[in-house]
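Presented below are the structures under discussion, each in the form of structure tokens.
Okay, so chain A shows up in both of these, paired with chain B first and chain C after.
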Partner chain A sequence: MKATLIAAAALAFGALPWLTDSNYILGIAVSAAIYTVAAAALNLIYGYTGLLSFAQLGFWGIGGYASALTVMTFGGTFWQGLVWAGLINAALALVIGYPTLRTGRHAFVIVTLTFALLVTLIARDWVDLTRGPLGIPGLPAPSLFGFEFRTTSRFYWIAWAYAVLALAFLYALCTSRIGRTLVAIKQNEPLVRAQGISPMPYKLAAFAVSAAITGIAGGIFAFHLKIIDPLFLDFYYMQTFLIMVIIGGAGSFWGVVIAGVALSALPELLRFSSDFRMIIYGFVLLIAMLVMPGGLAGWFGQRRLARMRAALQ
Partner chain B sequence: MGRREMSVDPIYLVQLTLNGITLGLLYALIAVGLALIFGVMQIINFAHGELLMVGAFAMSFALPAMGLLYWPAMAAAIVAAMICGLVIYETLLARLRPEEFERSILITLGLSIIVLHVVQYLFSANPRLVDTQYGFDGVQIGSIRITWTRVIGALAAVGAFALLYVLLKHTQFGRAMRAIAQNREAALMVGIRPRVVARNAVVLATGLCGLAGAALAPIQLVTPGMGQFLIFKAFALVIIGGLGNIPGAIVAAIGLGLIENWIGGFLEIAWQEGAVFVLMIVVLFLRPNGLFTRGAMRVG
Partner chain C sequence: MTALLEIRELRKSFAGVHAVDGVSFDIRQGSITGLIGPNGSGKSTTIDCIAGFQQADGGRVMLAGSDITGRAAHDIARAGLMRTFQTVRVYEGLSLRSNLTIAAQQFDNATWSDELFRTRRYRLAAEAAEARARELIELVGLSRYIEAEAGILSYGQKKLLALAAALMPRPRIVVLDEPVAGVNPTRIREVEDVLRQLNAAGETFLIVEHNVEFITNLCHQVIVLDQGRKLAEGTAVEIHNDPRVLEAYLGMTPEMAEAEMRGAA
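Up next is the complex of A and B:
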């Protein structure tokens, strides 16, 4: 039942280009697919493993720059660019993750935060490579076996296919034995050690997978925008991913996916000025953390528990 | 960019060193506030950079109102930041328990977004130039020149650290703070109220932050985003110095100020900005708990 429902939803999203010609709606749909994947990747490291990573913003930016530079500077294809985006990010995640994860959660949060800022500064200041604030405009449309993804409705296929693949992979990972081990590490690390499982490889792997998926998402999104500049590393993206995870419910796979799709569409429909939108995001984050730290999924879960308790009496 | 020749000119080096120390002292004011809050509450205040920005904006408004007099305007900025700190503690931070580290970050992150964009909305993102009674005059020793605002900013920071040392070491107020940081249960048993102590720590830390903002305002341009870049560095400094370790944070901050200025004098700007991150990763590799960690919060 659940599997049919999910497959139907995925196919319905895939059919979107036949339902509408509006580039505006399809543009939002591309963002929704990409943001949802990035939020689900953040959910893997924060929601499941319990490690709050701000480095996602850095991975997102590095992914964007890696794929753009592969095409524009090194003469590769879009697809090779995505492979590099994934590989570079996974390697970086291992290099940062190993020294940081030895120290505990506090240091991890702060180091990942500083990493995100560092990537922004490098994008702005390493002018020889990234062309600094001017950015790299005119990213060409990707093509596959002679088929060019020139229009937004064709590009949407790439975003959709990636979202389906990445979410399926993350779902398989999160519901497997590995996913349960990650949750156990989050809940009680000493107990996991006592069971004879070393948490470090699990944490590192979760961080690297999350980095690679976020990086490829960034690479696709850069080609959707057709330009990459330091604004690609605006803290706005990190806040968007975080709010999706927190509203959806950290540690709830479908909660975050639904929140990702819903929250991508919402700000577009409401059409605020950017300052105003950020103020609202700030309030949403603040209030969600104060009132329902478990997100919507946590809130529904608690209600279900309360009903079950009431039924027992 | 004009390339300076690599042969080291001693006067240039001294100039870089002096600039590095003044900058480092101002970094230290921010990092010490974070270390103090972490020591007492085990949380991180993400909105600390915005409090610095509030201090700098208060300075920029108070100066013209007070006839460009430096010290009264600085006092006004510190009081403004402390009031903000008190409000933040009472409305948000007081609800957090010590083990809720991630929650503290996300709540104060939300606050920081709100403050930053409200200020940007009200006063625009254009940088403001702040003029004081000292203008851009400076002391001249040989061919080395430092503006008065830098000298006074550094002296104010040193004075604040001296005051903080006396406060933490020799008053009941400070002893209670150290007691909570060292052993929460034992402190409770001898009748110390964690809530009051935490509030004092937050207000003290935001006062230091207001001082840093006020001192920075005439040195660099005041923008709504000025706190963001500084806070990232301050976070890294707190890690390098050892979480919750105040002298560690000061040493790390001055060290970073020096390294950044030396690197900035000779290499591309990207290296200067990257220095703090490389330093942090190296320190974490060699000493996972920070350079100077010796248990709970220390003052000397």
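Up next is the complex of A and C:
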């Protein structure tokens, strides 16, 4: 039943280019797919494992630049660019994670934030590589076996396919014992150790997977924008992913996916009032947080728990 | 006969204070050993050093003939020594079922790829863990809460859950840190029964506890620590009549202690 529902929803999103030829709507749909994946990746490391990583912004930017440079500077294809985006980020996550994850959670937050800021600086100041503030315009449309993803409706397939693949992988991961172990590490690390589980490989793997998935998402998004410049590392993106995770409910797979889609669409739905739309958006977020401090999933979870308590009385 | 757990000259100091100062003892396979002593006598530090949660400054710990001194906590757990914690630790946000199955997952042969692709090996391991979890949860009398999150349990119930979790992988030895502190007195009898039952089935226990009656009822061997040193060792009766123990631990004469015990019971 649940599986059918999910498959139906995934196919319905896949059918979007047949339902509309509005580039505006399809553009939002590309953003929604990509942001949702990035939010789900943040959810893996923050929601499940309990490690707040601001490095996601850096991974996103590195993913974007890696794929853009693969095509524009090194003469590779878009697909090779995505592979590099994933590999470089996974490797970086291991390098940053190995020393940092030994320290406390607060140190991890600070180090990942510093990493994100450092990537921003490199994007702006390493002009020889990144072309600095001018950025790299004119990213070509990807092609596969002669099929060019030139229009937005065609490009949407890439975003959609990646979202389905990445979310399916994350779902398999989060619902396996690995996902449950990550939650256990978040809730009580000494107990995890007492049960014969070494937390480090789990935390490192979660961080690396999260980095790779975010990086590939960044790579696809850069080619959607067709330009990459240091604004690609605007804190707006990090904020967007984080809001999706918090509103959806950190540690809830479907909560974050639903919030990802809904919050991508919300600012656009509010366009009827162009002057106030971001203010209204802010208010919606504020009220959502006041009513459901544990996010969407937390809200439902509280109700379930209350029923359970009542049943046991 | 060699002991299951051998502690030799264990030492640990904090900023010049000798928390554990050359403690040695043996634990026989299939026995229940009590470790008692006044606050600050080094009980908790001793078991933390045994279980790898603190690094000993000196001495040796042997488990079933192999040296586990200085190994990481998770490594020692895999070698067959499971522990509980004085301040009860459970996964508050997970169901009782998950609390138990997690505790066993490191002890089956399912790999990461088995887990990710839900192979047959993974399913078999999961089923075995599930069956064991049901059995243990029944044993500690928490069956009706199996689907509930551990956070809704009372303190005493959490202690029982922690005990069940420690038993999940059928360890060689279970180290219980104050298993009945904060547990309702009628429940303490139940815990005694459960431990006795498990012991009869061959399980070995090392128990740190302040509840002298509990220790007296249950333990084959009692070790008394005072100021980081082993003050006495023997059967519960021997310990009970040892004037040094009464003075150090209870700060009273045997007669006073007798009265105290009767009062507690």
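We take it that the second predicted complex is superposed on the first by the 284 of 313 C-alpha atoms of A that agree within 3 Å, B and C clash if a C-alpha of one lies under 4 Å from a C-alpha of the other, contacts with A are read in each partner's own complex, and residues count from 1 in each chain.
In this text, contacts are C-beta pairs under 8 Å (C-beta built on N, C-alpha and C of every residue); 3 or more make two chains touch, one makes a residue touch a chain.
These figures come from a predicted structure and were not determined experimentally.
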Touching partner for A:Asp125 - first (chain B), second (chain C), both, neither: first
Chain A residues touched by each partner, larger count belonging to chain B or chain C: B
Contacts of A:Met308 with chain B and chain C, given as first, second, both or neither: second
Partner chain(s) touched by A:Leu285 [first = chain B, second = chain C, both, neither]: first
Chain B versus chain C as contact partner of A:Pro137, first or second or both or neither: neither
Contacts of A:Phe115 with chain B and chain C, given as first, second, both or neither: first
Chain C-contacting residues of chain A that also contact chain B: none
Chain C to chain A touching residues, read off their complex: 51, 53, 72-75, 77-78, 82-85, 89-94, 98, 101-103, 105-107, 110, 112, 115-118, 122, 126, 144-145, 147-149, 152, 165-166, 169
Interface residues, chain A side, partner chain B - complex: 46, 50, 52, 96, 99-100, 102-103, 105-107, 109-111, 113-115, 117-118, 121-122, 125-126, 235, 239, 242, 246, 275-276, 278-279, 281-287, 289-290, 293
Residues of chain B touching chain A in the complex: 44, 92, 95, 101-103, 105-107, 109-114, 116-118, 120-121, 228-229, 232-233, 235-236, 238-239, 243, 268-270, 273-274, 276-277, 280-281, 284-285, 288-289
Residue ranges of chain A in contact with chain C within the complex: 172-173, 176-178, 180-181, 183-184, 187-188, 190-199, 305, 308-309, 312
